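The following pair of complexes shares a single chain, chain A, combined with chain B in the former and chain C in the latter.
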Partner chain A sequence: MASSIENNNEKLTLKSSDGEEFLVEKHVALQSTLLQNMLDSDCSSADVIPLPKIDARTLALVLGYCKKHADASSSKQGELNSFDSEFLKDMDMGALFNLVLAANFMEIKGLLDIAAQKIADTIKDKPHQEVREIFHVENDYTPEEEAAVREENRWAFEGFP
Partner chain B sequence: MSWLPAKSLVRFTCVCKPWLSLIRDSTSAHTTAKPPFLLRYFSLPPDNTRLFCLRSDAHAVYAHGMLVFLKPGQEHSVELLREEKEKRIILHKKRMALLGEEEAKKLQQEDYEREQRLLDRVLEEQTLDTPLSISELPVDPKIEEMPAALGDYMVCFGMLVFPKPGQRFTMELLREERERRLLLHKNRIALLGTEEAEKLQKEDYEREQHLLDQTHKERSAKREKTEQHHPGPKFVELTSTQRLDYEERLRESGVRAWMEPPFCTQATAAAYSYAACQADLAQNMAFFESNHFTLSANTGLGGFDVGDILAYVSNIPVRPFELGNPLLVEMIEGYAKSALDQHNKYNNTKYQFVKVLKANIGGYSPGWNYYITSQVKDMASSGSPTLNFQAKVNSIEDQEAITAISPEP
Partner chain C sequence: MAYIPTGLISNILSWLPVKPLLRFRCVSKPWRDLIDDRHFIRSHINRSFESKNNLSVILWYDDIYSLPFDSLNDAVTELDWPFKYSVDKTYFLGCCDGLVCLGIGDENAVIWNPATRKYRKLPVAPIEYPQGYVGEPEILFAIGYDSVTDDYKVVKVTSCGFSKYDSEVRVYSMKLDSWRRVEDIPRQHYIRRGYGRLNVFVCGSLHWMVSPEHSIVAFDMAAEEHRLLPGPEC
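Here is the complex of A and B:
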């Protein structure tokens, strides 16, 4: 495989956690720092790179993002920005979480940034009780403790229940 | 996390305990091992000028990389910031002159980090933040050009103060400096808690003592040089350890130490108020005035026993007075006798002066204070027993005034 790494048209095969295989152009895969490091250190001798933490649905989205950004890296930034917002539009929380996890694992900083920002934008104006539900977090405060923490930062709760 | 605004993050500390510690920890600039998640929101770029409302009567300005606390009702102004900036430049130059460039830079970096810690807390505490536009900050060119040299300094109320070029020391100036430090201390208590604030205060004190020791060393060396040609009494300064012993002794004899860091009696985060700060200040000033300008007036003790230290020590309020010269002995005896006469007159006693045992001198204006311990005989009692008497005499331009006299306790 070593000789073929020089070739930019070379394709890689990525395998999702649920066994689906994706054929990717190398320059698209390079959007991921993880894959880039693997290729650089030549540990991609296997024909198929398994990504056991990422399901097929998420991987397809990730690769869609990578392809757009790899192909457009020299083109207008504005075009990319509108692609990014369109890309995430109407995506549900579960999909966004998976995307963040995948982007984090594959080290795709741009994707991590926009997906995390999207989540942040969704929750930032929500009351903390609702945030608890969104993240499936168990409330381990006693009512008194919660009131105390809240009292400490009263200013942040103005206008919230 | 780092994608959320500070206000939402602070609100989400209520979600659950792990979130609370996660958010708190990542806002501390000192957890360098962890990625600085929130630094993007919890620390400001250096040119970001803002006004913060900390509590109902406490405001702070962050501008030009400096965090400045305002007195209640005080407006933020270019003037105020300039003064702060000049103060810092002067301090840095003095440190360079006394401790060398490397040490001075280290201290400056430390100052910066300590301030960032406060700033982090300010950003959490803020109830209102308004971007300000204070774009220009002219600094006195005389200060910019000031060479790194020892120059003038003044130690008073336990503070080491460096003047601006051409500035004269006044009580007003000292009061302001004192107020500034109290304000900082109170704000530290409110922001970091009492323990942390007191730790910082102690550090401040030690850093200042270190600088002071250096100034004394410099000055002594200089004096030695000039006095080789004009021999006279050699003044020396106590080192910080010796001074601690001295203060301990003064404290034991009922006098509040001279070089102690500012003491705040009512300072708690909950009880923070400017009025309390003012009350502390007034109390401290009054205490200082009663205990140090007329050292023994209240206690009748302070000043008479300063322990085994050299005469001609110049950085303490009261030092031994050397009776090496018959003229001086005569003068001190004269003071002791007239003090005793006065005592006899007002108390209808018959004490007779025998000799002077010990004399100390306090060099505070107005005039000199002499603390004289002398042996007397009680002629009214059978057998004329001897006892020791303490007299405090204040002398201004050869006009003496007896301010206290009593038998030694």
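Here is the complex of A and C:
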């Protein structure tokens, strides 16, 4: 795996939105398609790469995920799966949102998938009114319109307010 | 909490089972439009295949039952299919990507989505009887997917008497909500009605076994053409 990458010990510096700097091994950073593309172009690894949309807490989580997946790419998939589920366990919705945004921005498909799936699992048994609040969605239905849309699939609302 | 852009909302929602998706149409008009959008529906199907989430096995034995694919030891759930209490007999005619094709009586077909509980009764296609033909034709229906135009189609084969006449073939498009007549299947490849209920949709074509030497008629859903394949050696 890492043998194909020259200068495996090469490191680069990422800077979070709140100014914290993270020194990252290159093979770990390559889990991110965004960083890979930057490194493939003329961007020197000596530069500090600013990530103005990602705070230090989230970036630390993201890099923890990347390190595990970069180091374990030849080991068993089962081990990674249990790491993934443990990684997201007990994470609150705010942290999951930050994580999914960071994974999307940094183009880390595996992390994007597990974070999006975790959010879906968390909301799937919640009433739609609560989901509206979680996602800060403005309700643009009149009460009559909402009742009509609800009526189209009344059976799906059994047991829900 | 952070604002999640629409593209990511679509990604998150694509992991959900159908039932909460139907409820979340009530969140707002943009959410309803996203969930109803054909591209979203396609990505939801693809996600379900990829992740093996939301998959069911549909069983037919007098009644129709479903069983979650990821827990095959569970008890089956009996489904309420459309026209279940009609006097006409219902035939289970196959399924494709979660859409079930049912025959109601001899002439009517219904496309039914057990996950959304929605169905569409197809318009009755006319039959052009061969000259001089008197009798009850054998009609069979089957459903498949045309990936070229992203359309689900139902094929109707009408046979007027074994080996006497070619079989009339019509194709129904869900997108166009109409039937189109295509090239007949020649009489020597007559699909016996008993076999006709057993069809397999695979590799973009519907397949039926036909009587001589267990050969197979394949109907390409995109080209809307049939061809003959040699049967397996027994």
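The criterion applied here is as follows: the second predicted complex is superposed on the first by the 151 of 161 C-alpha atoms of A that agree within 3 Å, B and C clash if a C-alpha of one lies under 4 Å from a C-alpha of the other, contacts with A are read in each partner's own complex, and residues count from 1 in each chain.
Heads up, the rule we're going with is that a contact is a pair of C-beta atoms (placed from the backbone, for glycine too) under 8 Å apart; a residue touches a chain by one contact, two chains touch by 3 or more.
This structure is a prediction, so every number in the text was calculated from the model and none was measured.
Partners chain B and chain C clash in the overlay (superposition on chain A). In the overlay built on the shared chain, the residue A:Glu151 is in contact with neither chain B nor chain C. In the superposed model, more residues of chain A are touched by C than by the other of chain B and chain C.
Residue contacts after overlaying the shared chain place A:Phe160 against chain B and chain C alike. In the superposed model, A:His136 makes contact with chain C only, not with chain B.
In the superposition on chain A, A:Phe97 makes contact with chain C only, while chain B stays out of contact range.
When the two complexes are overlaid on their common chain A, residue A:Asp47 makes contact with neither chain B nor chain C. Listed for chain B are the stretches 23-31, 239-247, 311-319 or 347-355, of which 23-31 clashes with chain C, judged after superposition on chain A.
In the superposition on chain A, the residues of chain A contacting both chain B and chain C are 116-117, 119-121, 123-125, 127-128, 131-132, 135, 137-141, 146, 149-150, 153, 155-157, 160.
Contact residues on chain A toward chain C in their complex (touch as defined above): 93-94, 97-98, 100-101, 104, 112, 116-117, 119-121, 123-125, 127-128, 131-132, 134-141, 146, 149-150, 152-153, 155-157, 160.
Chain C makes touch with chain A in their complex at residues 1-4, 7-9, 11-17, 19-20, 22-32, 51, 116-117. Taken in their complex, chain B has these residues touching chain A: 3-5, 7-8, 10-20, 124, 126-127. Residues 113, 116-117, 119-121, 123-125, 127-128, 131-132, 135, 137-141, 146, 149-150, 153, 155-157, 160 of chain A are the ones that touch chain B when the two sit in their complex.
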